[in-house]
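Just below is one structure, and these are the notes that go with it.
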Amino acid sequence: MIQENKGHTFCLVTSCPDAVGIVAEVTRFVADVNGSLIESNHHTDIADGWFYMRNVIAVDSLSVDIEGFRKNFAELADKFDMKWYVRDVQKKQKVVMLASHSSHCLADLLHRWHSNELHCDIPCVISNHENLRSMVEWHGIPFHYVPVPKEDKQDAFDKMNEIIERHDADTVVLARYMQIIPPELCTKFQGRLINIHHSFLPSFIGGNPYQKAYDRGVKLIGATSHYVTEDLDEGPIIEQDVIRVSHSSEKDDMVRLGRDVEKSVLARGLRYHLEDRVIVRGNKAVVFS
Amino acid sequence: MIQENKGHTFCLVTSCPDAVGIVAEVTRFVADVNGSLIESNHHTDIADGWFYMRNVIAVDSLSVDIEGFRKNFAELADKFDMKWYVRDVQKKQKVVMLASHSSHCLADLLHRWHSNELHCDIPCVISNHENLRSMVEWHGIPFHYVPVPKEDKQDAFDKMNEIIERHDADTVVLARYMQIIPPELCTKFQGRLINIHHSFLPSFIGGNPYQKAYDRGVKLIGATSHYVTEDLDEGPIIEQDVIRVSHSSEKDDMVRLGRDVEKSVLARGLRYHLEDRVIVRGNKAVVFS
Amino acid sequence: MIQENKGHTFCLVTSCPDAVGIVAEVTRFVADVNGSLIESNHHTDIADGWFYMRNVIAVDSLSVDIEGFRKNFAELADKFDMKWYVRDVQKKQKVVMLASHSSHCLADLLHRWHSNELHCDIPCVISNHENLRSMVEWHGIPFHYVPVPKEDKQDAFDKMNEIIERHDADTVVLARYMQIIPPELCTKFQGRLINIHHSFLPSFIGGNPYQKAYDRGVKLIGATSHYVTEDLDEGPIIEQDVIRVSHSSEKDDMVRLGRDVEKSVLARGLRYHLEDRVIVRGNKAVVFS
Amino acid sequence: MIQENKGHTFCLVTSCPDAVGIVAEVTRFVADVNGSLIESNHHTDIADGWFYMRNVIAVDSLSVDIEGFRKNFAELADKFDMKWYVRDVQKKQKVVMLASHSSHCLADLLHRWHSNELHCDIPCVISNHENLRSMVEWHGIPFHYVPVPKEDKQDAFDKMNEIIERHDADTVVLARYMQIIPPELCTKFQGRLINIHHSFLPSFIGGNPYQKAYDRGVKLIGATSHYVTEDLDEGPIIEQDVIRVSHSSEKDDMVRLGRDVEKSVLARGLRYHLEDRVIVRGNKAVVFS
């Protein structure tokens, strides 16, 4: 369901230890403030004893504003020991994108944004190469060239960090950015830093996955969008997909076919994230797709 | 989630005009009778103003039995003008299967049943051919041979109807049964009579769909499981899937490849039905898969 | 296999009544002119008694140029009553693109072209709307605005025709061009005019297929790239694909999800065409994908 | 194309160092003995400089019998240093199946065989459990119970080996046989011993792949059919496929969903093998599917 097409809504996202009566109390609360549920998703992880919930609430009839909602809900949240937030869906998230030399993921995301499919603002694109500047600027988006020299990466990362901060990013997307992200950025943007890995994880972790796929003779190749953690390629998986290859697919064909999977898997992963459909716990992500 | 692996549960399925507070009141009711929600699915059809809900409730802690649950819930159901039922998941449905000459769908369902994957009883199989008798009887299931002569189909259908009634069927599955079902059976088993059509509906309605697919030169063929209504191949769709074919696929290859899709699409459709995941309204089915 | 990455090659495409010895004589011919086969695909349609063949031949060692090849091969072609052509793969085809208001297919194709994935020239884009001008021109491609007023379509089509002729188009692509193509253009570009239909043909022929898919409650939606003939949506199918939808997919979601399928199905279809992988006979296409 | 439906054919399978004129000479040879090519597949691995070819030849018009064909072809084969064989397709291969406790793969293969979809003989099934005896024997196939006690596996493997030899097996299929195959059997049946691994290799090598998949939070699970070599799960891959799972899929759901993928991936892999569509070189398999 396209969230932003549904009039003005809030999205309430919670997770907590499972208990009797959570749904009843949360939905009672929503009804009491005159909220109408447009969409509601639950999940109970029985093995783990954990409960996840996402509610999209129509705002028009609400008797409280978002601050009032937050204030009133806090008590209930405390009672069930919830991790939670409520977000005004009308307010777009600010997404800073990082890219390197490859254009396919970035071009795809920019086109989706430009044609109003991706509900966010893109305050800037940062790249360690200059080649995508013109494409980015055509979209009316500032482009920052931050080269990452082998001998002094820290300086580059400091500069990137400063740009990201200045633009007040809610989310950072690595659109085939080919540098390892420093731990401090991983920590700062935990659960808000999304990467696209060009293999079906956990197959072919690390560099050059298409070569590895070619060498192993697999019959499907894939891509994985995931949150970045300090452990390379080990973060919570948001979305994955695959495409068929054959013995006649050389490595270059795999790269080409893989691009299409990368594009769509990153776009879907980012969409789920922006629509508050993803709740991370430990190394796994609940995705109410 | 495999329903029958979760201890003793009830499944409460409702649909009604959308309104504020439904979820709150239903889940409040469940909490008040000390029920714990194992799984809960909602859907609001905004265009149609209709609300759908399925709740799986742990029975162990419940303060009422199923009759008590029904009696108590009726008042709430009336308030929201619900179509609803609650079912004891432990109680297996009785599924009568109809087949003709082709064995693949029936063999697949019988194997799933035999290996405890399909949570139902199969009181009997009815066929208008004798060739599958031994396979059915090996599974310990009675086999009824009811030929359908062209000149007197009504007599055959009366006999079938009598057998189905005698076995007190909850659901009837047409596992590639190649006769048109008479209207009275369609009406009697509305929403409980499942067919597998060997095409991706609405493509290739009617007979010989693989020949039609071959003649049209399509690049994917498919199958559709749907509830049977009086309008041939027009009933609510439960599940569909496709498989790739090419110019080198002759009609016989399509038939062969199609069998695998038919098997899995019918098995999934029946599973959704047996787990109370399907709610029909008009000609469409909400499927909480 | 990415054709243009393989050094200089010719592509020889033939079809003819099946007979003993065709492959032997064709490949003998190729060997005799010192050609090395890089890729070779055959298909025998047994029902139809027809033979199809595509050969990619390395040019470096060839003892003849393309004119010599053509001249020498003609005799063999006559012997087997072949429909055939040989093409210098290095020479890019000229592809004129037609679009309307929707940008997704055009943007996708332009990006593939811009990043050297699509081996062709795009001499111009023609549209009956102005909104995509800037995007097209950013790629350095001329944009022609040819409005198609309801009261005088013929004049517009004459103008389009003139532009297409002036640019000496080998192939015309309808990248979600929402006007019915006049018969004379269909005839003139028979087997070289490619459309993307936004449904899984033959389902939902004609206008508004997503609405029809929504109304029917299908569980998969699709797209079809096909050659345009005078019979609307009835031409030879090159490529198709589908994507899963559910009861929670409103029509707008189907439109959004469908865009991704349309993009990739059109891009794949065009790629097959440009690589001479498609041989049409009657209303069906052999595709050596 | 269903091979055995095409009248009497021979299948000629070759691979050799790439060279100019191979196809010409092989197809010339076939034409010279009056053979008609029903299906022909080639592949040139450019990186590796290796050529692969499979030809299905109609026998009716042939001027030689299979011994004559072999004798005559040997000279040509020597010239190009070919690895090759020619097989009378009418002569069914003998496939011995090994199973353990799980029935799904074996039941699926037996049903395909029983309904004439799988073109082979099954001289016997061997299992280290008794539970599948009745199912196997219903099909009219001898069942051998060979328990594999932890303390003396060699004795069991000797017994198995003796049974396989006695039945003169061409191919051995591990239909979810849960014992590690001893090296001498791997060597003896190199390229003729097919396993189904219940993960998308190289993900989740070794035991308990569904638990590992669940723990990693992947969004797709898969299965792989491959030739068995001494390196566990490292042999040449014949076929793979995947199915979507989600956060609501518990490990048991993955096991259940995975069964369907395992069944079809093993059946397709075995089919390709039986139709001589697979040519192994090193650790990779060319599959003319």
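A, B, C and D are the chain letters, set down in written order, and residue numbers restart from 1 in every chain.
Quick note on the criterion: a contact is a pair of C-beta atoms (placed from the backbone, for glycine too) under 8 Å apart; a residue touches a chain by one contact, two chains touch by 3 or more.
Fair warning: this is a prediction, and the values are worked out from it, not measured in the lab.
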Joint neighbours of chain C and chain B, given as chain labels: A, D
Most remote chain, CA-based centroid, reference being chain B: C
Averaged-CA centre spacing for the pair chain C and chain A, given as whole angstrom: 35
CA centroid of chain A to CA centroid of chain D, Å: 41
Residues of chain D touching at least two other chains: 39, 46, 248, 250
Touching residues (chain side chain C, partner chain D) in the complex: 6, 20-21, 23-24, 27-28, 30-31, 34-42, 44, 46, 61
Residues on chain D engaged by chain A in the complex (per definition of touch): 43, 45-47, 52, 200-204, 216-220, 222, 236-242, 246-248, 250, 283-287, 289
Sites on chain A touched by chain C in the complex: 1-2, 5, 39, 103-104, 107-108, 111, 114-115, 117, 134-135, 138, 248-250, 252-253, 256, 259-260, 264, 267
